[in-house]
Every structure is written in C-alpha cells, then in structure tokens.
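Below: a set of structures, written as structure tokens.
Shared between the two complexes below is chain A, which pairs with chain B and chain C, respectively.
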Partner chain A sequence: MSLLRLAWRNVLRQKRRTALLSLVVVYVTVAVLFMFGFLDGYGESLVEAYAEYVEAPVVVAREVWWQDPDPENGFRELPAVAHPLVQAATPRLSLYALLRSPYRMQGGVVLGVDPQGEKVLSRVPFRVGEGRWLQGPGEVVLGHRLAERLDVRVGERLVVETGKEALGLLVVGLVRSGVGNVDFGGVYLHLEDARKLSGGRVGATYLALKVPRGKEEGVAKALNQVLPEGLRAKAVWELMGPIRADYEGSRLFYVPLLGLFMLLAAVAVVSTTYVSVRERLREFAVAESLGLSPARLAGQVALEAALASGLGLLAGLLLGYALLGYTSTHDVFGPLMRLSVELLPEAGLSEHLYTSSRPIYALYASLLVAVSALLALLFPGRLVLRLDPSRYVKGE
Partner chain B sequence: MLRLAWRNLLRTPGRSLVTGGVVALVVFLSLLFLSVYGGAFDAFFQLLLERTGHLVVRVEGYKGKEDLESLAFVPPELPLPPGARVEGVLEGGALLLAHERSRAVVLTGLEPLGLARQESLLAAGRLPQAQGEALLGEALARALKVGLGDEVVAYAPGSLGLGVYAFRVVGLLDLPETHLEARTLLVPLADAQVLLAPGRVTRLEVRLPGLGLYDLKPLEEVKAALMPHLPGLVAETWLEANPAYAAILPLYDAVMGIYVGFFFLLGGLILLNALYLSLVERVREFGLLAALGLTGRRLMALVFWESLLLVGVAALGGMGAGLLVHLELADGFRLPLPGWILEQYREFGLPEVLYGRLGVKEVLLTLGYAVGTGLLAALWPGWLASRLEPVEAMRYVP
Partner chain C sequence: MGRMAFTVLLLAALALAQSPLEKLKLALDRLRGPAHEGIYLLQVERPGSVRTYRLKVYTDGRRAHLRVLEPRSEAGQAFLSLGEDLYLYDPRLGRTLRLPPTGRGERFLGSDLTYQDLVGRDLEELFQVAEVQGVLVLSPKPGAPTPYGKVEVYLKEGLIERILFYDQRNQAVRELGLSAYQRLDGAYLPREMALRDLQRPGYRTFLRILEVQVGPVPEGCFNPLYLERGC
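Presenting the complex of A and B:
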C-alpha cells in the first residue's frame, strides 16, 4: 500500500509531464474504443440487414438447393422443425424471373411469401413506405429503387415471367428499408402466386426461422443434428454474401494496427518514466539504503508507469465511451453508407450504421496499462535494480 | 544553432532513436498505406475503364428514358483522333431459357473487338465466330444446366426486334463478380440487333490508346471535340458514366488525408512528449544560455531546430524504407489476408494481385504531415523555453 502511495505522489509531482503523457494514452484509448465500436457496429448492421431484411436468422433448405438454388430443388412438402429457441417459421419460395412494367424490363429474384408469416419474421412488411403490404394473391410489393428502375408505381401492373408461367400483378406497395438488396432488388409476392410461377410442383424453396439474436449459430448447429438427411440449416453469418469478407478483412487489418498504436503509446509512457527515474536515482538510493529492496523499488517504477497511463486510460475511457454513445445513437456514418449502398447495391449493406458500445473495449484498452508497466519494469526498472546506493547517497 | 541542436539530439541517443523511430515508422506506414490504397483504387477504376472505354456515347437524357426504343440509336460517324477506336454495344434485358430452366439475363451485343477483349476471361470454349453463337457466364451456365454446344433461347418481349433468338453456347466466362457472371450473356452485335433493335446500339464506347486512368484533361478535350457531332446524343467520360464512383474520387483524397493524419497525430504526441522531456532535463542549461545572452526567440528556435532535425532525419529514413517497399508493391502484391477473403474481395471487383501506386501528391502529403508535426510538436516546448527566467532556471531542481 505504501508503495502505491509513493508511486501516486511521484506521478503527481510532475503534473505537466503526467498530463502530456496522459494525452498520448487518451488518444490511443479513444482510438481503440472507437475502432472496436465501429467494427462491431458494422458487423451488427450486417447481421441485422441479413437476419431481418435480406434473409433470416436461420434458413433450412434441401442440401441440393444450397448447391443449386433453383425452385426445382425446393420442398414438395414442408419439413417439421422443432427447437425450443425457434420462435417462428415461415416458408418462402424464391424464383428467378423477368419483371416487365409497361415501359421497362429487368431480371431479378422474386420471393413468394406468406404475408402474415412474414410479419412475424421480417421487418420488410413494416418498411412499406408507400401503399401497403401484401394481403393476398395477385399483388406484388417492390423495393422503391427497383420500382424507379422499372418505372412502375403503386396501382400499376407488373408482369412477372419465369419461362414456365407469367402473371400480371398489381403493385400495392413500395418498400423503403434502407437495405441495398431490398430497396434495389426486393420483389415480394404471395406464396400461391410464386407456386404458380414455378410450375406448381414446389411448395417452398426454404423455411425461414426466427431465433433470438446471437443464438443463430447454435440453433443451426443443433438443427443440423436432428434434421432429416438431405436437409441443412444455415445461420445468418453463413447466409451473408461477400460483404462478410469485407468485415473480416477490416478486423484483420485494424486489430494489429491498434496493437501497434498501443505499443507506441506504451513506449512514450516508458520514455517519460525513464527520465523520471533518472532524475530521482538519489532518492531511490536513499530508499534502498533505508531497507527497501531493489525489486520493490523496480515494482514502484512499474506502478508509476501503470498509474500515469491509468490516468490517461480513465480520461480516454470517458471520452471514448462518450463518442461511442453519440455515434451509437446518431447516424453519423449515414452519408458514407448511402454512398456504399449506391456502389454495392447487392452487398446487403444498410444505409445506416451505428457504432456498438461494449464494456469489453475497456479491457482491451487497459492492456496498454499492463504493457506500459511491463516495459517500465524492463527498462527504467533496470536502472533501479543496477543502482549502487552508496555511490548515489554520497552524491557521486 | 543547427550544430547545437544536432549535438543536443546526440546527447540522448536512446530517446532520440526511439522518438525518431516512431516518426520513421509513421512515415513508413503512411507511404505503405497510401501505396496499397492507391493500388486498390486503381484496380477498381481500371476495371471500369476496361468495361466502358474512355468515353461513352448515349442518348441525351438517357437516365430518364424508359424503353429500349428511346435508348437505342443509329450510331453516327465520329471524327476521332488517330488510333482511337469506337465500338457499338447493344444492351437489353431478356429471359434465357434452356430446357426446364430459365434465368433473367443482361444480353449484351458486342462487335468483334469487344468480344475479343473477353478472351482473357474465357474459362472454356472459344469466342463467337459466327451468328447465333454466344458466351455465357459460368454461373449462368451452371444455373441453366447447359454446357458448350448446348442451345439456349433468349426471349425479350416488347423489343423492337424479333423478340426471340436461339443461340449456341460456344464459350463460358469466368467473371470476377459472381452476381454478374450469373446474368451475363454476350453475343455478336448483329444478333443482338436482330433480337432487340435492328441497326441500333444503346451506347458507343470510345477507346483512346495511350491515355492513362487519370488523364482526364485530354479526355475532356476529345469529348468537347466530339460533342458537335453528336446530335441528340451525349458523350461522357468513364468517370461521368459511373457517377457513384465519380463521387468517391474527390472523397478519396480527404479520406486518405484523415487516415494518414491519425498516424501522424500519434507520432506528433509522442514527439511532443520527447521534446518536453528534453526541455525538462535541460532547464538549467537553458537558463545558463539565457543568462549568457541568448534571447527567448533564439531559445525557441533551438527547440524548433531540434524537432525539425529529428523529424527530418527520421522522415527521410522512413521515406526511404517506404519507397523501397513501394517499389516492391508496384511490381504487384497480394494483400496479406486469407485466401477466402481475397476470393470474396474479387466479388467487388478487387483483383487478387494489386499494384502499389504512389504519386508525388502522396509523397508530398506525407512530407507535409511530417514537417507540420515537427513544427506543431515544438511549439509548446519552444514557447516554454523562451519564457524561462535565467536565475530560476539555473536553480531548477526536478
């Protein structure tokens, strides 16, 4: 305890120096918190986009459909899926089709859905910005950017052709979800219509399951052990497209970079501690001649480094979490994300990105304090260990 | 003053080396970062340029036009500079049918030169040599369960041409982006015209040999020369033809400036710390110098010289190392990421092998940051040094 008080007093003796040193630590702490918050926020926005809009938390389909997603590889009869964490299940039938408005023509993937079932599982029905959600056969709901491209409005007709069948459907709603895939490519029609368009032999291509956030992997794994042969469940991370690589790549790039930032900050802490120890070698010699062991004195040096960087850490945590608090509630990255969605409309990006704010970031950032203390023990600490008290006490 | 500053730096070689090392590392990392990102941007833009040509001619107001009839035009004669080539392209939507399966596709009619450019993407078969032959994306062929020699039927209702046309698959394309590969059907221009719009194209692509990616000024000149010969048509540079990408280009400089700024801010804080420590260690000396007649301004200048010398030498070292690594990167490199991530990046048009790019602008940006950091970091310690009272400073006890 006395060592701690001594170390604390020494840290406070050079307030300006400690403040300057803390500035480095504050900067790195804020950088660590912000980058982790940003990366996690980006990951969460991707999971949300795919789980709630583009796909589902868990999807069950035939093994052959996963390899060749053509309606002919869909279910004739829907399988029974039982797991205590499955909150809802709804069938979907996805088809490749040609979409024809009176003016334009474009290819796309249409999704046949059960309108009521979809309301439990997906947020798309609640993001209809104009018109309404599907109620029955003969209707279609489109992503608003797709509707612009097709030059079709609510109340007009859209022809959907698959080569087997064609249907003229009434556009009843336009979705504004803020998710690229949905707004640029979403075509939702009644399951019955999709069955007709597929030739009538397929009931659904897959079963979408709602499970609690964070439990997707576990449920998919558990289901794969009990599902009949030939069926396979995939969790949301597996359903993501190439954009997942962007997220993983960013983590692999930024985490070592932050490690380097922390190491450099620790070097700055140690460099200050080194000067401070050199200035006080006579003090240390007196303390050692009074009975304090060199090891304890070296420990005090490490403690000083830890306390000095700890002060910066505390200020950095306050500032960092305040910044995360703001960016997790305000859509600061909206303009950047909207540009990304325009560039990569099929990547499943959301137009909004909010940072994440988790307590674990504080632990990551506090590694800086540990590294500073360790380096202080190794370098300035060594000065104390090699000290010859008699020489210094005499003032030589 | 310069010699004094240099001697002072050499007095604490350990700290000078550590601080200089940090600055050198920051300069090195900045150059590395800029080279890699420059290379990645070049790869994105090169892909666009290859796909659209330097200039694209379309119908005026094409973004607001609705049907193929309004978008297609009879290609006029263009007075192009020597060596320039113009190719007509006709693009439209269609449903491609094969046995029981069908997929919506983007049908693109290309002239022989355009088809020849696809040769490097051929995964199987050959280029179309006669009418009725087609190239399919590999993913599209898989989805339709067709292979080389099989017949597919393109159905394009509501077009100006026949609306239905049968093709024989003679080649399969391996495109970097699977979502494009799954809807790509390339056919000879004459066939596309018979199917969609006789005698017409939806765009003309002008390619100007010897014109690099960012040679936008000469491109604008060619565009201006062409405009009077394009009644009812409009010419756009490859960047204007891709407005979302064009929006990135001015952002790129700002984003890179901010990124590099993050590195230098850390370097600057560490430098400031080192300069302050150096000042604290030498307060008595500074007091003595002041007592001997050195003015506050000259003391301040001494601190600035120390900072600039330290940063200058370190920046040169970091820059040398950075430029050496850049020369290696300029010959081609792979991002140090797992294979599956690189494979997925190809889906966004980023090739596995990139070529580092570092222009004078990037080197000047880094140097500017280094000098700026050196000056800013010295500001406060220099100011403190200039305000020291000689008597108090000479009696200073840490």
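Presenting the complex of A and C:
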C-alpha cells in the first residue's frame, strides 16, 4: 500500500508532465472506444438491413438455387421447416425482370411475396411512404428511388417482363425504407404474379424464416442437420454478399491499427517514465540503501506508469462512452451514410448508422495501461534493477 | 347507273358498319405490304449526329428478315421476326441468339423504332379500341403489358397515317408517322416511316424504302438457320 502511495506522490510531483502523458492516453482510449463502437454499429446496421429489409434472418433454398439463382431451380412444393426458434416463415419468388415505363427501361430483381406473410417477416410493408402495401395480384410496390428512375407514380402501370411472360401491374405503393437495396431496387409483387412471370412451374425460390436476433447462425446450422438432402439454410451473415467482405476487411484493417496506436501511446508513457526515473536515480539509490528491494522499486516504477496511464484511461473512458452514448442515439452519421447509399445503392447500406456501446470496449482500452506498466518494468524498471546504490549515495 | 350507286352506298354502309376494332385490324393488315424484298434506309438522328443504315429486307407481310448492309462496321447483323419469336445474328459473336418476347419492345439498331413498330401487332392484342371523331383511341386492356396509357391511331382512307403514343399522364411521348403509301400487288406499303421521341427533342428516326421487288420470298429466309449465311 505504501508503494502505491509513493507511486501516486511521484505521479503528482510532475503535474504538467503527467497531464500531457494522460492526454495521449485519453486520445488513444477515445479512439479505441469510438472505432470499436463504430465498427460494431456498422455491422449491426448491415445485419439489420439484410435481416429486416433486403433478405431475411434465415433463408432456406435448394442447393442448386444457391449455386444458380434461376427460378427454375426453385421449389415446386414448399418444404416443411420445423425448429423451435423459427417464429414465422414465408415463401418468396425472386426473378430477374425488365421493368418498362413509357420513358425508361431497367433490369432488376423482382420479388414475389405473400403480402400478409411478408408483414410478419419484413419491415418493408411498414415503410410504404406513399400509397399502400400489396393486397392482391395485379399490383406492384416499388422503392421510391427506383420509381423516380423509371418515372412512374402510384396509380400508374408498370410493365414487368421476363423471357417467359409479361404483365402490366398497377403501382400501388412506394417504399421509403432508408436501405439502399430496397429504395433503389425494390420491386415487390404478389407471389401469384411472380409465378406467372416465371412460367408457372415454380412455387417459390426460397423460404424466408424469422428467428430471434443473434440466433440466426445457430438456427441455420441446426436446420442444415435436419433438412432433406438438396436443401440448405443460410443465416443473414452469409446472405450479405460483397458488403460483408468490406465489413470484415474494415475490422481486419482497423483492429491492428488500433493496436499500433495503443503501443505508441504506451511507448510515450514509458519514455516519460524513463526520463523521470533517470532524474531520480539518486533517490532510488537512497531508498534501496534504506532497505527497499530493487524489485519493489522496479514495481514502483511500473505502478507510476500504470497510474499515469490509468488517469488518462479514466478520463478517456468517460469521454469515449459519452461520445458513444451520443452517437448511438443521434443519427450523426446520417449524411455520410446517405452519401454512401447514393454511391453504392446495391450494397445494402442503411441511411442511418448508430454506434454500438459495449462494456467490453473498456477492457480493450485498459490493455493500454497493462502494456504501459509492462514496458515500464522492462525499460525504466531495468534501470532501477541495475542500480549501484553505493555509487549514487557517494555522489559519483 | 342506279345499280352502281346502290353498290357504292352498300359499300359505304358496310364501311360505316365496321367496328373500331375491325378498322384497326384492317389498317394493321394493310401496314406491312405484300410479300416483297427491298432495300430500306434507316436514319437515326440524335442531337449533333446522324447514323445511316442500309438494310436488306425480306418479308411476307407477317414475318420479316432484315440484314444490315451498311455501315461496314455493322454489316452482317441480321434480324428475324417470326411473330412472337425474334432472332438476332451478330457476326462479331458468330452466333444466332433467340430474343425473348420482351425483345419486341427493344429498340432496333439503337434507333427510336422498336421491333414492335416494325413487325408487331401489339396495338390489336393489348388494347381495347374505341372511335372518337374518326380517330381510333386505344386504351390498355386490364393488366396488359404496355407502358402506354393511351394510343391514338389516325387513319386516312383506311390506312394508318399517324400513331400517337401517350403516357399514363395523358402526355404524348412518341409519334409514328407513316406516309407515301404505295399500292403493290393488291396490298399497301408505306414507303416512309418517321418516329419522333416527343420527350427528347432531336431524337428522330426515319425509315425509307428505296427499292422494292414484290414477289414470293424463299421460305428459307424465315428460317433462323439462314440468318448467318443469308437467303
């Protein structure tokens, strides 16, 4: 305890030096917290966009359809899927089609859905900004940005054509979901119409399942063990496509970068401690001659480094969590995300991004204190261990 | 004299008795001319540029085989329309491709004309017809796969003179004019066709028949296998 008091007194002796040193730690701590919060928030936003809007929490389809998403590879008859965590299931039929208005023509993926079943599974039906959600065959609901591109409005007819069939469908609603894929490319029509467009032989291309958040992987894995041969379940994380690689790449890039940041901050702490120890070698020699062991003195040096960086850590945690608290409740990144959605409309990005705030970030950031103390033991601590007290006491 | 007047009156009465749909059908029947082969000139105008194609055309009035002769860079491309089915031969690919029925709405050689304008009968199949002050007014049948809200067909002596396509906001978007009809072998053939994109000023396409030779066309011309080597 006396060692701690001694270390604390030494930390306070050079207030300006300690403050500057703590500032470095504050900066790195805030950076660590914010980066982890941002990355996790980005990941959660992607999972939510894909699970609730673009795809589904879990999707069951035939193996051949996963390899070649042609409607011909869909289900003739829907399979029975049983798992205690599956809260709802709805069939969907996705197919490539040409969309034609009097002014423009554009290719895209149209999704045949059961209007009622979709309400249980997806948030899209509740994001119809103009008009209404599908009620029956002969209708189509579009993403509002796609409708702008095609120059088609609610109440007008849109021609949907495939290589096999063509239908003139009435636009009954425009979706404003804030998710790029839906707003820029969403085309929702009744399952019956999609069956006609596909040639009428396919019932659905896949079965979308609703499962509790966080259980997607487990349910997909469990289903894959009981599903008949030729069927495969995929969880939302697997359905994300290229944006998943982007997210994982970001983590791979930022996590080592933060590690490097922390190491540099620890080096800054230790170099300051080193200077401080060099200035006080005579003092250490006296303490050693009075009976304190070199190991305890080295421990005191490590403690000083830990205390100095601990102060910075505390302030950094307060500041970092305050920042995360604000950005996890306020859409600060909205303008940036809207720009990203414009640039990458088919990436499944959401126009809103809220950071995540988890206690574990504090543990990551506190690694800096541990590294600082360890380095202090290794370098300035070694100075103390090699100290020859008689030389210093004599004043040589 | 009295008998002749009676015949004329009878014909007039019959003509008057024709329903709008019958008038449209008759006009469409008269649109493609008799079986013939000919050289067509296709001129695609865009703001600041004009592209001209010479085409060799074989048609029996229902089916059509078109080959690009000029410009040299695009020569050899061939198209075959057999009602619902469309085939395209591209010499750069060295292959004949079958286009889906949706291809009928696609633009021909990047012009403003679609395959449907050239050889189709969508006007009869997708629309219900009424007559308003001598103009055939076509409105889409429920669920019909047409993006247009209305089409007006202007006839002159039973021949189509002008077709005006409207969007669903009652605004004219395309205008197809047909002129210089020539009576050939008992059928009619418009020797000039002009299409204007009313939404985009300066976007126009003209099709003129330079040479025409009436007579039966070899059946091979309507076989996709002959698209590559010609007929």
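Throughout what follows, the second predicted complex is superposed on the first by the 396 of 396 C-alpha atoms of A that agree within 3 Å, B and C clash if a C-alpha of one lies under 4 Å from a C-alpha of the other, contacts with A are read in each partner's own complex, and residues count from 1 in each chain.
In this text, a residue touches a chain if its C-beta (ideal position, glycine included) is under 8 Å from a C-beta of that chain, and two chains touch if they have at least 3 such contacts.
Everything numeric in this text was worked out from a predicted model, so none of it was measured.
Visitor: Please tell me, clash or fit, for chain B and chain C sharing chain A in the overlay.
Guide: These partners clash in the superposed model.
Visitor: Where does A:Gly168 make contact in the superposed view: on chain B (first), on chain C (second), on both, or on neither?
Guide: second
Visitor: On chain A, which partner touches more residues: chain B or chain C?
Guide: When the residues of chain A touched by each partner are counted, B comes out ahead.
Visitor: With both complexes overlaid on chain A, does A:Arg157 touch chain B (first), chain C (second), both or neither?
Guide: second
Visitor: By the touch definition at the top of the document, which applies to A:Glu229: first (chain B), second (chain C), both, or neither?
Guide: So A:Glu229 meets neither chain B nor chain C here.
Visitor: So, A:Glu77: does it touch chain B (first), chain C (second), both, or neither?
Guide: neither
Visitor: Name the contact category of A:Gly138: first (chain B only), second (chain C only), both, or neither.
Guide: A:Gly138 sits against chain C, while chain B stays out of touch.
Visitor: Flag for me the stretch of chain C that overlaps chain B after superposition; candidates: 55-63, 91-99, 181-189 or 217-225.
Guide: Superposition on chain A puts chain B right on top of 91-99.
Visitor: Overlap the chain B and chain C contact sets on chain A and report the shared residues.
Guide: Residues 98, 100, 103, 105, 161-164, which sit in both footprints.
Visitor: What residues on chain B touch chain A, complex-wise?
Guide: 15, 18-19, 22, 25, 66-67, 92-95, 97, 100-106, 142-143, 155-158, 179, 183, 244-245, 247-248, 251, 262, 265-266, 269-270, 272-274, 276-277, 280-281, 335, 337-338, 340-341, 343-345, 347-348, 398
Visitor: State the interface residues of chain A toward chain B in the complex, per the touch definition above.
Guide: On the chain A side, the touching residues are 14, 16-17, 20-21, 23-24, 27-28, 31, 68, 70, 72, 96-100, 103-108, 151, 161-164, 241-242, 244-246, 248-249, 252-253, 261, 264-265, 267-268, 271-272, 274-275, 279-280, 339, 342-344, 346-347.
Visitor: Write out the stretch or stretches of chain C touching chain A in their complex.
Guide: Residues 100-102, 105-106, 140, 142-149, 165, 167-169, 173, 199 of chain C touch chain A in their complex.
Visitor: Going by the contact rule at the top, pick out the chain A residues touching chain C in the complex.
Guide: Those in contact with chain C are residues 98, 100-103, 105, 138, 156-164, 166-169.
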